[in-house]
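Two complexes are shown next, each including subunit A; its partner changes from subunit B in the first to subunit C in the second.
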Partner chain A sequence: MNTELLFNGFAILAVLGAVGLVLFRHPMNGAMSLVVTMVALAGLYALLSAKLIFALQLIVYAGAIMSLILFIIMFLNLQEKDLPEESGRWYYLLGGVVVIAPIALFLIKIVKTLPGSEATIVGGGFGGIKEVGLVLFQDWLLPFEIVSILLLIALVGAVVLAGKRRLGK
Partner chain B sequence: MNDFLSLLPLLVTCCGAIVLMLLAALEKYRPESGALLSLGFLAAAFFLQLSTLGEPARPLFRELFNGMASTSGFSAAAGAIVLACAFFTVMITHTYFKENSFATLEFYAVLLFAVCGMLLLTLASELICAFIALEIMSLAVYVLVGFNRNSLRATEALFKYLLLGAFAGAFFTMGTALVYGAAGSTRFYDIAVFTQSGGASAPLMIGGVFFLLVALLFKAAAFPFHAWVVDVYDGASVPVTGFMATALKTALFALFANFLAQSAGLHDKWITFLFVISVMTMFGGNLIAIGQDNLKRMLAASGIVHSGYLLIALVAISADQFSGSVIAYYLAAYGAGTLGMFAALSYLGGKDERRVSFEDFKGLAKVRPFSAAAITVFLLSMAGIPPTAGFMGKFYVITAAINADHIALAVLGIVSSILSMWYYLRLIVLMYFHEAEEGFDTGRCGWAGTGTAILVASVFVIGIYPIII
Partner chain C sequence: MAPLALYNSLETYLVIGAMLFGMGIYGMVTRRTLIGMLIAAELILAAASINFMAFNRFTAPDPATGQIFTLFIMAIAAAEAAIGLSITIAVYRHFKSIDAEDTAQLKG
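The block that comes next holds the complex of A and B.
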């Protein structure tokens, strides 16, 4: 009963945060709204007994990455006059909702077919550092390794697209 | 040891990418040396890949990788096609950057990273690996599309592609999660075992596979998700467009076929869906292509049509004895023709890609007879006229459809092929039967010219090869 209540609370908060991220006009408000989503997701992970992921979500995503994003937005010092004119945005939003609604209904229908089950606390150290490490480096070695290429190309790409360029050299 | 050999092309390309990335930090290396270096790495990887072609289908490093990567004759062939496409793309860029100066060494590093992602995609036999490979490839290609920062169109294309690609990535992860929920594993093999025993109709599985297919069809520019392709291909520079149209599509269809062909249960469940999509893709693509006045936009739209033919081949594959030879052959034939077109465009386009519309190529045959002849060969191959590779490719796809009892699909494929003659032959007529209006001050052919000549030869070699063997 309690877990269901908690789950619903966190899920609603996560969705509200995401909606706010899209709807707020100023990027600063949007970023703060994203923090709500991140923290709510951490709560959902905790409900799944994923201890390590819960901590990482709070420290890395809600903490480090969000402060970096906030720092950059503050650094740009955006004023009201710098924001683009978004006159037709409610119409776009309405169009988006119309497009997304069938997909959402489809998903709800799928989820309704799932058998209900009681939430229990998973034992055996599930979700701890040691267990996650074992799974990560034994079963999921290949994805773990190739993520390094993904991070590298993301870095190089960011430098190429935004960095200073020496043409003709 | 053999497993290591199958991974070696991937490792060589990855090393090449990292070496180029490091060299880019030094002042003294020019982009030309980057082109040379990447040609070397790609050629080495290509020949290593060729040496693995005869290997049997098996998971790579079963103990270490847990069946998350596997190779087969089809995967190896797709990898070889990707490497060959990248090789010719580098040849094209070498000439292209003489007229359009925005080259840096990083361009080649990013290109090789994209090839890494594509090779991983051909090897992936697990959804999370496939997702990471897909993102490596996509990130690299986004950067390549927007590489010319002075061009507004390139920036616009980058922006559109990035946002829509992110959507497709989200759909892919969503689908992966649902499939995991149904089958309890993301490995293709386990999913196949699950679907074989009637699991393909489980609601979670249907939802998951639907989202996965949406993501893959988006990347393949199939019918309801094709809107981005014309603008993105038009905004990207000529060599990048050629690379996207050939190598990216090859890697993607390798994953597509590997995923679907694993289990008959899954394939049968989705055959009607794919049938409708392939027909809509062919005719939708033709409709767009007929209305285009710009050569690059026409080629983009014709790429949509070719995706439609590849989807026919996907409908026709049988999961019991999947060899993928039809798909690999079609991809090779299409790759040779399309890359050849872009190779010719890269040196005929002139400075900053001035020459873009059909009208600009009027009377080309008088001024550049060889280039015009080469373009004619490529266009005939894409239209599917014997004895070119494109004809044999279409022939195989359509016979495969007939063998699998999809007569309607085969007939629609032929009709679409006849429709597509219109826009291919239009360019040939303009080149040969019209007088040139302006002087053709085109650049020197350079390496792109050599590439064009080799591709003309390979169009015929690929076309005649199955007859001789």
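The block that comes next holds the complex of A and C.
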């Protein structure tokens, strides 16, 4: 019963964080609600018994990426007058709900017919560092290295883009 | 057989992922600041990764391939955030604004 309580709490928190992201006007509030969503998703991963991804989600996603985004928002120091006015956003919301609702019902119907959704008992090592690491460094070594090159390129690109001095001075 | 508990069935996780994805798309379309669009893109990536995790756990738990993909999604989200934020800073320096509409002409 404890698990069920935890699952309900994390699921509701994740969806509420996403709703907050959509509804808040200031980017700071949106980023804070995304932090809530990320922490709740980490809890959901833990309930899926993926221990390594749980820790990485907390450290990398909720920790590093979100603090980078929050740092940049604070660095830009946005005031209320800097924000573009979003008139008619409630109409957008209403229109979005009207468009999405039939698609959502249809999707739920499809999801219910998916095969193989019975819960299987997984081994004790599921999601541990050893199992994930073995798969990562045996079967997925080349993509792993390519991702590291991608991160290096992103690093250099960020320095080039953001660190540019003004010309002619 | 007793009905499966909510936390132990694939459908629940898929529905949560779909809700997060839909709100991410909605935020991406309606936000008018560059940073707001970037945050919504992060939400879309997170929704995709919860689908990978749920399918990995419930349908093919033996090789943990879905978790590898979640790791890759995290790395790509980090790269996307770094590049997007530096573009935002460059745009803010040039236009003194983060409104996406002010950047309609990118000449010079």
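Everything below uses one rule, namely that the second predicted complex is superposed on the first by the 122 of 169 C-alpha atoms of A that agree within 3 Å, B and C clash if a C-alpha of one lies under 4 Å from a C-alpha of the other, contacts with A are read in each partner's own complex, and residues count from 1 in each chain.
The rule is short, and it goes like this: contacts are C-beta pairs under 8 Å (C-beta built on N, C-alpha and C of every residue); 3 or more make two chains touch, one makes a residue touch a chain.
As the structure is a computational prediction, the values presented were derived from the model and not from experiment.
Asks: Looking at the overlay, what does A:49 touch: subunit B (first), subunit C (second), both, or neither?
Replies: After superposing on A, A:49 lies in contact with subunit C but is clear of subunit B.
Asks: Quick one: classify A:156 as touching subunit B (first), subunit C (second), both or neither.
Replies: The answer is first: A:156 touches subunit B but not subunit C.
Asks: For A:109, using the defined touch cut-off, is the partner it touches subunit B, subunit C, both, or neither? Pick first, second, both or neither.
Replies: first
Asks: Check whether A:37 is in contact with subunit B, with subunit C, with both or with neither, and answer first, second, both or neither.
Replies: second
Asks: Look at A:143 in the shared chain and tell me whether it touches subunit B only, subunit C only, both, or neither; answer first, second, both or neither.
Replies: So A:143 meets both subunit B and subunit C here.
Asks: Looking only at contacts as defined up top, I'd like to know whether subunit B or subunit C touches more of subunit A.
Replies: The partner with more contacted residues on subunit A is C.
Asks: Please write out, lowest number first, the residues of subunit A touched by both subunit B and subunit C across the two complexes.
Replies: Comparing the two interfaces on subunit A, one with subunit B and one with subunit C, the shared residues are 107, 114, 139-140, 143, 147, 150, 153-154, 157, 159, 161.
Asks: Taking the complex as given, what residues does subunit B use to touch subunit A?
Replies: For this pair, the touching residues of subunit B are 14, 18, 21, 27, 30, 64-66, 68-69, 101-102, 104, 106-107, 109-110, 113, 116-117, 120, 126, 128-129, 132-133, 135-136, 139-140, 142-143, 146-147, 149, 158, 178, 181, 203-204, 206-207, 210.
Asks: Which part of subunit A faces subunit C closely enough to touch in the complex?
Replies: 3-4, 6-8, 11, 14-15, 18-19, 21-22, 27, 30-31, 34, 37-38, 41, 44-45, 47-50, 52-53, 56-57, 60-61, 64-65, 68-69, 72-73, 75-76, 78, 82-84, 86, 89, 92, 96, 100, 104, 107-108, 111-112, 114, 116-120, 122-123, 126-127, 131-132, 135-136, 139-140, 143, 147, 150-151, 153-155, 157-159, 161-162, 164
Asks: What residues on subunit C touch subunit A, complex-wise?
Replies: Touching subunit A: residues 4-16, 18-20, 22-24, 26-27, 30, 32-33, 35-36, 38-40, 42-43, 46, 49-50, 53-54, 56-59, 61, 63-65, 67-68, 70-72, 74-83, 85-90, 92, 97-101 of subunit C.
Asks: In the complex formed with subunit B, which residues of subunit A make contact?
Replies: Subunit A residues touching subunit B: 106-107, 109-110, 113-114, 138-143, 146-147, 149-150, 152-154, 156-157, 159-161, 165-169.
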